[in-house]
Amino acid sequence: MAKHRGRGVATINYPIGMNLGGDPSQALVHSNPTGKFSVALSSIDLGQGMKSVTRQICAETLGVPVEDVYVDTADSDTGPHCMGSFASRGTHRVGNAVMAAAREARAVMMEAAAEELEVDPGDLETDGRGSIRVKGAPHRSISVRDVAIAAQFRQGRTISGRGIFLVPLSDVDPETGEMSPATCYAHACLIAEVEVDDETGEVTVLKMTSAYEVGRALNPRLVEQQLVGGSWMGASHALYETPEPYYPDTRDGPRDFGDYLMPGPGDLCPHDISVLERPAPDGPFGAKGIGEMCANPVLPAVANAIFAAVGVRIDELPITPEKVLRALKARGGAAPARAR
Amino acid sequence: MLELRKEIFADERDDNLKEVGQPTQRQDMLGHVTGTSAYYDDHRLAGLLHLKVLRSLHAHARIRSIDDSAAARAPGVKRIIRAADVPVNLNTLLSLIQFGKDDEPSLATDVVRYKGEPILGVVATSEHAARQALDLVRVSYDPLPAVFDVEEALKPGAPSVNAIYPKNTFEYYDKYDHQKLRFGDVEAGFAQADLLVEERYQMSPIEHAPVETNGSIAVPDTNGRFVVYTSTQALFFSLDTAAKINAMPSNQLHFIGGTVGGGFGGKVDTLTEPLAILAARLTGAPVRYRLSRHEEMQFGSPRGAERIYIKDGVMRDGRILAREVRAYFDSGAYTRLSSYAAVKCAAHIPGPYTIPNVHADVFCVFTNRTPSTAMRGFGVTALDFALECQMDKLAVAIGMDPIEFRILNAYRDGDMKAHRREAKNCALIECAQVAAEKANWPIREEFRRMSSRQGGGVTRTGGGADRTPARVTPAATTTGPPQRVAYERPAAAAPAHPPPPAPPRSAPPAAPAPAGSTHGAPRFSSVFGTRRR
Amino acid sequence: MKTPIQFRLNGEEVAAFADSGANLLDVLRESVGDLSVKGGCWQGTCGSCTVLIDGAPRLSCLTLAESCANKSVETVAGLRRGADLHPLQIAFMDRFAAQCGYCTPGMLMAAKALLNRNPNPSREDVIEAIAGNICRCTGYEPIIQAVLDAARSGERRRA
Amino acid sequence: MTVNVKTFPRLADAASALSSERGARYLAGGTLVMRAVNEADPAIETIVRSTDPSLLHIAVSSGRVELGAGVTMAAVLAERDLAFLHPVARAVGSPAIREAATVGGNLFSPRGDFATVLLVLDATVMLVGGGQRELPLDDFLARRERSSALVSSIAFRRPAADALRFAKVTRVHPRGMSVLSIAAQLPIASGKIAGARIAYNGMDHRPVRAKAAERALENHTLDAAGIASALSVATDGTSPVDDAIASAWWRREILPIYLRRLLLGAVRQ
């Protein structure tokens, strides 16, 4: 009985959003009479953090504290159109739409404040803590609350904004495939270390070390959520998951979570993650989408690590112990790459 | 265990921000930990009815007859929903953006094309009653020949899955049975190459497995409108699809969702909303249609499997001259979103590398299995698996460190990509450098110095298809393989032959690649087809 | 046929009429109206419907509702004490241990069952305690860390 | 829902109801039957239960152990005198499942890890109704689908200290379904194995004894040389199947590997 260790690497990029049919999202932002803001979307939060990311983007753009913004998702009577939460588009597309809406609302807010302070709107700035002040003369300031009250009851202004972000349809050349598939790309490199049992074919992932380039980490904790959860799913895709264990034969499919294999809490490994930020020129504060790409480098990195450990290539997913064992038998046993 | 490397690309960022970049608590977290986040099913409705569908027992069959008389009389049953009850019983999801032909019925009419295809619905006072009534429906089938393998499906004489796509392939631009990508001249590239490496890769189908299964509740509202609580990932996508199938003006539908128990792509297909709304119209009562876990596992659309063939021509100095890809996306019985996955796949070829000659054909193929759909990274995840396993094999074949090999070929700002757009805002090299540093994976100084910015430590001539291959300086020359140093590294993917013990900078070219390489370009092909039995 | 059932839910006596043969999950959600309990499979394989019955972790989807007569049932709706969150809830928030949140109520109850019996568990104890609870989003690590944090904070309070 | 529930204070009454009622199924821990009810299994029209306290009875004497059919895995784990059964009881599902899953129910489970250990303990099944009163577990398992009788308890001789071994192979840790599991009772008399018992789960449609391997171990030493012949016949008489978790091929391949690791004490519990 022998267990062999090996490391494998993969580098990948990922296109943000879809290029088919045009890719729009809209947002509405408005203030209530006391200077608290609502964002209305039809976008979906399915765990990725749509509500939270757009909330921070809106607060940053308005220049108010995040507590003063609340995001309401997915009511077709109140939320304007959004293509949906897929294709890693939410942060980028919806984020941009929210920024545009918040900019419009901010402009009205600053005009209303200027009228109250009897200065030019251009001379004003937000302090990010709920007040608007004259640049260079901080003692001359007014709270966003008072601005909202004034706008509503004295000036008759709506502190609100509409935003849309549209990536227009990219025609695809049928002959050459020339197209604009995405406006920006996220990047990653992941190194996986595995241990392979050469008697049973069982593979254990021991460690992952990765670097993900995300444009801008709008919220590092949400980025961490995606990268940690996504790399778990990547390992799951690499070694465990299939609803058709004998594909393309359709027999013996799982019908519950006992039969559908995924790594359990006892199958985790340490994951050392580094995050790089090269802002996307068209991203909200440079942000790209990471919801999908986070899993992708794990699959090949694990496959390459298995080769490094025992010298067999498994080119069919998932890399079950059975496939590894068959391959080991076919090549007459393990041959760690370093020894070859 | 997350480190922000702010010093990298710092010159391209304004970090003077107040809210963006803060580790702010999620807006929805308090609701999650107190069990008060409201998902689509967290509504108690008086007189709620329940819809379950009868599913085909055959992968491909003609329906001779359906006898639902006993089911209609079963206790608790309020209504049987037949194909004829569906106002517009043919749709394709992407018809909303004029892509593809309507090819999928909500309830099968004359033919079933996959095992588990919905045939008929039962609306009853409880899920239990609906399930029991389904056991009383008698369907007689004439089984038809079925096809399950993407390449078998393309052979002449293969069973036709759907007359709408008689060749079992999605039709691109009313013209081709596949998506093309053409850049440079791969044959010329192969002819110049020192080595050709040709391999086959197979992705698996994957179940999204969100802990909350697909579902929706349609509630008759005042003024003839319907409120629909839904688990959809795409609110208006589902609303417009449901409106089309029910032949209703979209403003008669009020969709409410936004808090969803996981999706991963499996909640775009609008599997439940159209029939839930139809059932609510036909009964005048609120109706819930939710997939059981078994249905979700076996009949909820999975990630589609792709079979990918890659042929590369590579030089011993590490330059990839040409890459040819043939990919088959297993769409299952209907299109759903797979036609787009093929386009996305083609656009992603040849990966984040600058290769002067690229040729790809990507097919969206119909088979008699559960229709596949979007899943986290679809069109790309499988290709990345294939490309990165291939990159590893290439590095081994030419005896080059796999990270240095990737950095060498990585795209830089200004490089022309195969889909004829300039690369910009690239960062692959920096990711590789940081990961290598963190993992103590030694790479040579010149590779640590390279960058994704214009040029990025390699000199390139020309641009686009006619451009001659990358030249590497100073790491490699065109006359021999790049000089290498011996590494102390625990079993990293290593050369196909032992590296020379720390050769001086003026070392002779390393030993040639494995057997056969001396006689022209050796071919490596898949060792394990792992065909079962 | 409907059967009357009476039991204690989060300390309060509740009574409901349930379908004969109904499981506790459906009765809690549809008859009693406690929507904090989530159903993910009705097969006993996902753990999202985990509740405590007389202090022990149970899968409510596999529990015959009428077998709970006169027993004490605890759900996440009863975890919070008035305005104060339970240490587990605080730790789950601090660790960002939820994404879609659908498995969270079951996770919290499985973790509470552990801490009831073992106030200072090891990492392995925590892993064992949540081994029957599927999470598709987080990769489990933040959840494990959160339960360990909650145990430590419990220790501090006792000290 | 149209399932009748009948609860009986006495097990004997439950047994007669079970044999007389059409479409009646006995509900123990619920892990099998409640799932079937939730899925509206048309074969189930009536659920029969019993609150008979004897079902929860645990009797441990120096020589003999008797467990009521309703004793849960959690109850086994709570009983210090049953420490030799803790590794297998802990292997059955998650903590929540172990609170429900019963010793009796495990005899009917498609993946009966506990029943596999009971096999190597030569357990006897006590029945109520259906005529038969007592049955060796092996015979009971062989006809469990046909039996209309009700299991009241299981009895067996307490194994010698450290004589009982158990290993479960699963893809998902710590608590996945068994790919297979192996139980062994290896009494040692003057350095040699005497009266070995080995049983497998996952190598047939029910837990089965590995009689060939047992014979091959008789009078051998418990070391690499002594077990060699047993390993060579380890899969004799087994008929594993392909399923969603693993293929029959892989089960056959790894069984001797894990049997060796179990016998030589190289498996972590």
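Order as written gives the chain letters A, B, C and D; numbering starts at 1 within each chain.
In this text, contacts are C-beta pairs under 8 Å (C-beta built on N, C-alpha and C of every residue); 3 or more make two chains touch, one makes a residue touch a chain.
Given the structure is predicted, the values throughout are model-derived calculations rather than measurements.
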* Please state whether B-D or B-C has more C-beta contact pairs across its interface. => B-C
* To do: State, to the nearest whole Å, the distance from the C-alpha centre of chain B to the C-alpha centre of chain D.
  => 43
* Please work out the Cα centroid separation of chain B and chain C, and write it as a whole number of Å. => 35
* Length of the line joining the C-alpha centres of chain A and chain C, rounded to whole Å -> 30
* So how far apart, in whole Å, are chain A and chain B when each is placed at the average of its C-alpha atoms? -> 16
* Asked: Can you list the residues of chain B that touch 2 or more other chains?
  -> 25-26, 28, 126, 128, 209-210, 259-264, 292-294, 532
* Out of chain A, which residues touch more than one other chain, so two or more? -> 46-47, 49, 221-222, 224, 228, 230, 233, 246, 253-258, 260, 262, 264-266, 271
* To do: Enumerate the residues of chain D that touch no fewer than two other chains.
  => 1-3, 39, 174-175, 247
* To do: Draw the chains as points, connect those that touch, then say whether the picture is a line, ring, star, complete or other.
  => complete
* Structure fact -> Residue set of chain C touching chain D in the complex reads 1, 3, 19-23, 42-44, 47, 50, 53, 56-59, 61-64, 66-67, 110, 113-114, 127-129, 131-133
* Which of the residues in chain A come into contact with chain D in the complex? -> 1, 199-201, 240, 245-246, 251-255, 258-267, 320-322, 325
* chain C to chain B touching residues, read off their complex -> 19, 30, 33, 35-38, 40-43, 45-46, 48, 75-77, 79-80, 85, 88-89, 92-93, 96, 98-105, 108, 134-137
* Would you pull the chain B residues touching chain D in the complex into a rising list? => 75, 126-129, 131-132, 135, 292, 294, 532
* Sites on chain D touched by chain C in the complex -> 1-5, 7, 27, 29-31, 34-35, 37-39, 47, 49, 74, 93-97, 99-100, 174-175
